[in-house]
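Next come two complexes, and both contain chain A; in the first it sits with chain B, in the second with chain C.
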Partner chain A sequence: MPLDTSTYSLALLRLDGRRWNELRRLTAQISTQAAADGSSYLEMGNTKVICTVTGPLEAKSTSGNRSGGDRADVQVSIRIAGFSGVDRKRRGRGDKRTQEMQTTIANAFSQSLFTHLYPHSTITLSLHILSQDGSLLAALLNASTLALIDAGIPMRDYICACTAGSTSSYSSNDEKADPLLDLNNMEEQELPFLTVATLGDTDDVSVLVMETRVQIGRLEGMLAVGVDGCKQVREILDQVVRKRGTKILEGSQL
Partner chain B sequence: MPREVEPSLNEKQFFAKALQENIRLDGRALDQFRALELDFGDEYGVADVKLGKTRVHTHITAEVTTPFPDRPFDGIFTITTELSPMTSPSIELNRPSETETLLSRLLEKTIRRSGALDTESLCLIGGSKCWSIRADVHVLSHDGNLVDASSIAVIAALQHFRKPDTSTEGEQVTVYTVREREPVPLSLLHFPLCVTFSFYGEGLLGKGGEEEGEAVLVDANLMEEQLREGSVTVGINRHGEVCQIAKLGGLPVDAVALLNCVKVAGVKVKELSKFIAGRLEADAKKRDKGGLMAELRADNDRVS
Partner chain C sequence: MAITILAPAPTVPYQTRNDADDDDENGGVDLEGDSDMRPSKRARRGKDIVTPGETVTDDPQWMRGHGTYIAPSSTEIIATVAGTVQKTNKLLSVRPLRARYTPEIGDLVVGRIIEVQSKRWRVDVGAPVLAGLPLSAINLPGGILRKRTETDELQIRTFFSEGDLLVAEVQSLYQDGSASLHTRSLKYGKLRNGVFISVSGTGGGGGVVRARRQVWTIDTDHGGGKVDVILGVNGYIWISKHVEVAGGDTAITRIEENVSSTIYSSQNDEIPAETRREIARIRGVITLLVEEGLRVDEDMVMRGYEAAVMVDDENPGESTTYLGGDMGKRVLEMLSGT
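Up next is the complex of A and B:
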């Protein structure tokens, strides 16, 4: 289904009424599951994910440990609910796209967490996707950050992620093409886009995934908008954490 | 699950010390590829790439099948990767490792999803007959940078491959043998290749070195790959169209440095494309023994 992007240039408004640099509504909760060591629920527009953290706990077998035992191993499992997409498609656990996302999240967090404080142990992240509407990997990364904070695992800084796209298709060479922030599913189908995750307030990119064809000159604008979006996401996530913190403090005073 | 033997502490320190002085253990410049060799087999569509000690063999095959019901006018193009225990003792049979999953995903994204092969040209009769092109990637020896070597092998083999000529009359498709009609090349739209960059940061090089605490290497060998803290693979064609970027976690790298990597990849891909084109031309010359006139000549070769 081709998306009619021609209307964008008339009013500079996207299909859902946003401007080019606006995020969708991003809401999150921490400690949603009492049984887990850390948990979070995150919505980025209509993309909804739940994350639970178990650990750090003793590694079941050291042979599967990639880091050789002197630091904690981060393991990620992603489950995609059957009702999450538009068409009900069963995805096996062997799906390579899911496996790639798991590896990405595990690699990103094993760098940002202080894993050397927990030798011979495992930190398990279990992610459930309830609803998909674009920016899936970004939502998963953000939810994981919140759940790991809830679990109290020390980390260098937040890993915040969002997507950025461009209104031009790869073939057209128009210089007027605008970069876009935080694409939804329809825009992702049609436009070139990338997922970017930065570490905290810095410009240091931890994850950068692009799967569509785009002119090399277009990339700089997209990346700049994406990194800027990550900073906005960080503000929102930080507020969520602080709100939770004050609530705990108020509760302890009673 | 057996694990790869990790570099020893001595090797690690030696490597780090050398890297601080911008020296690689094999004497290459930081942005230099290893010696690249590309050979074609006697058959069409067989390519053998050697990148230093890394060796990848690719075989393209074609057969006529029915297209997928949701895409009746598209042919089928699949890339399958295989890492056997012959490659490295850490690889087990029938159990896809992380290396293999990432390799096949990267090739898939770079070559298949970017539309390098025009699948519509593979259609014979809409909805009932189409060509299925299959690229088998066999890694024969693993000394780092499988992705770049495999992408070169697949793209070279696709350009080298010739599929049997066909003619369609109504619902009747005739596939001609090589003797009846000269086989035809595939219709390729562009030639994307991968370039992988490896990042080394504080964890290896230590804090507060005299120079900047980060190093970027192109075409890492196995040891450099084991010691790296992050990597980015850029799929790009020689026209400067980026087909995919994959920085899957790892060491956080400045956004400007990443853009720089993409630019370097663009230059490298131009060199690699030129190399592949040169090898293809040499192979075509070897096959073409004096053209059609030589083939039609009736007189025999005489021993003088």
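Up next is the complex of A and C:
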């Protein structure tokens, strides 16, 4: 039994003292690595990730022929630090969960970036997870967005992600189940949740991942809360970019 | 001993969503949507930053340029990169704060040979795709107008081989944005006797900018002799010992006499320790300018170099070219003072 969430109904406060619609503390920095084309550091609560963008760069020609085609290829590699979780687990390169996240992120950004501007080249996203406390995929997506903006790669809009859950488990049939925003690790282990990413301020969902079971009636509420959370995330990310931009413009005047 | 416990502080200062001023409340996006005041409002606020997804204008009179797009079935011009809005007549474009170099015809670039093919070299110039340097676009030793023979093709590596650095000019652009280079001038060619710095990936006013003069010679202090500086527009920089070109100003008819096989030599000349020190000092000045997000051009480098020499002379003891910490701060103070 991982933990007991039955106390929620008493004060409507979650384990870490948040209400149902509150995000955790979300902070970010961009241009953290000077040598990279684009880089970012993002914290969502205690989930901490680093993202580095290389490219667009011409793909290494394999056996003479120009690989790629008429648009850029987005490649994602995720490394999970051994010390990032509570149990020190070594994950190999071929870990299925990691691979699935890589594919999800690569597909999302192949859609939102203007890859046709960079024919036969590659954009490589290198993500490092330093600490995990839930909403991992969401944090990775947000960090990637910031690093890609830093690299100056044209995109339709920010891809902003967050998680949403529901206070009821699958079997219980209570009517008063609340949707929850931005789950941490303990909540993720106990409750059904989904990761949703939207394209900027719109309601266009670009990523939706759900691995747990939930009653179909609860899904709509969860999704609505998640999409609303994504808009809050966009505002925070936007401020990070603006702040950095203002600083660069001020710095160049002497 | 008393122990103090410091309150945990976030690595990044956190600000609540509501402390921004009124304009940023909606992420800078005008929610009313159909105000046609947008362009004038932007112009008034001067250097304004737009971020991806932000509507720059919905006025159909503007044409969209780089860094923008128009969503299907609307007239709104939306930014795709974070940067500043630039207007050229009726063309609206967004210049990114930071991006890879995009070649333009006539740019002076410093590049490194990545690949040798049968009739051309592939050159890394810091752009999204490698640039090409055809064998027909270089000066061959022994005559500028000599026909390229199969012998030249076979010994293509004697001119440039993998890893060699060169300075060239962008001659033309291909459809996919890749550049074709040429080195058909005595100003261009293989680089030696110096040091390479990369300051690419800077933008928003910092880094190397297109200027009137990208190549010049510094008469250095401390007995360093003459030092050449080549600022590639792509952010690659070469600082080397100045080598007198035999004959100086050469008429076009006599050019072949000077194009000897030595121009493709990979052997460095003897460089005295004083010259090396001054080259290192100029390198320090450029890295300092880049770290501070300042413009790197002839004027700034010369002023920075003079300041660096003065700061070095002030300090008693051995001369040092290190420009970090207090030394760097002093140089910057002198730069901003003048």
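We take it that the second predicted complex is superposed on the first by the 245 of 254 C-alpha atoms of A that agree within 3 Å, B and C clash if a C-alpha of one lies under 4 Å from a C-alpha of the other, contacts with A are read in each partner's own complex, and residues count from 1 in each chain.
Here, a contact is a pair of C-beta atoms (placed from the backbone, for glycine too) under 8 Å apart; a residue touches a chain by one contact, two chains touch by 3 or more.
Here the structure is a predicted model, which is why all the values come from computation and not from measurement.
The superposed arrangement places chain B and chain C next to each other on chain A without a clash.
In the superposed model, A:Q111 makes contact with chain B only, not with chain C.
In the superposed pair of complexes, A:E235 makes contact with chain C only, with no contact to chain B. In the superposition on chain A, A:V86 makes contact with neither chain B nor chain C. In the superposition on chain A, A:D201 contacts chain C only, with no contact to chain B.
In the superposed model, A:A11 makes contact with neither chain B nor chain C. In the superposition on chain A, contact is made by A:E211 with chain B only, not with chain C. When the two complexes are laid on top of each other via chain A, the two nearest Cα atoms from chain B and chain C are 6 angstrom apart. Across the two superposed structures, the residue set of chain A contacted by chain B and also by chain C is 199.
On the chain B side of its complex with chain A, the touching residues are 1, 3, 6, 96, 98, 101-102, 104-105, 108-109, 113-115, 229-230, 232, 236, 240-256, 258-259, 262-263, 266. On the chain C side of its complex with chain A, the touching residues are 10-15, 17, 20, 24, 27-29, 47, 49, 51-53, 67, 69, 78, 80-84, 96-100, 115, 128-130, 176-177, 201, 203-206, 291-295, 335-336. Across the interface of their complex, chain B is touched by residues 63-64, 68, 94, 96-97, 99-100, 103-112, 170, 194, 198-199, 202-217, 219-220, 223-224, 227 of chain A. Contacts from chain A toward chain C in the complex involve residues 25, 27-29, 31, 34, 36-38, 41, 43, 55-58, 61, 72, 114, 117-121, 149-158, 199-201, 232, 234-236, 238-239, 241-242, 244-246, 248-249, 251-254.
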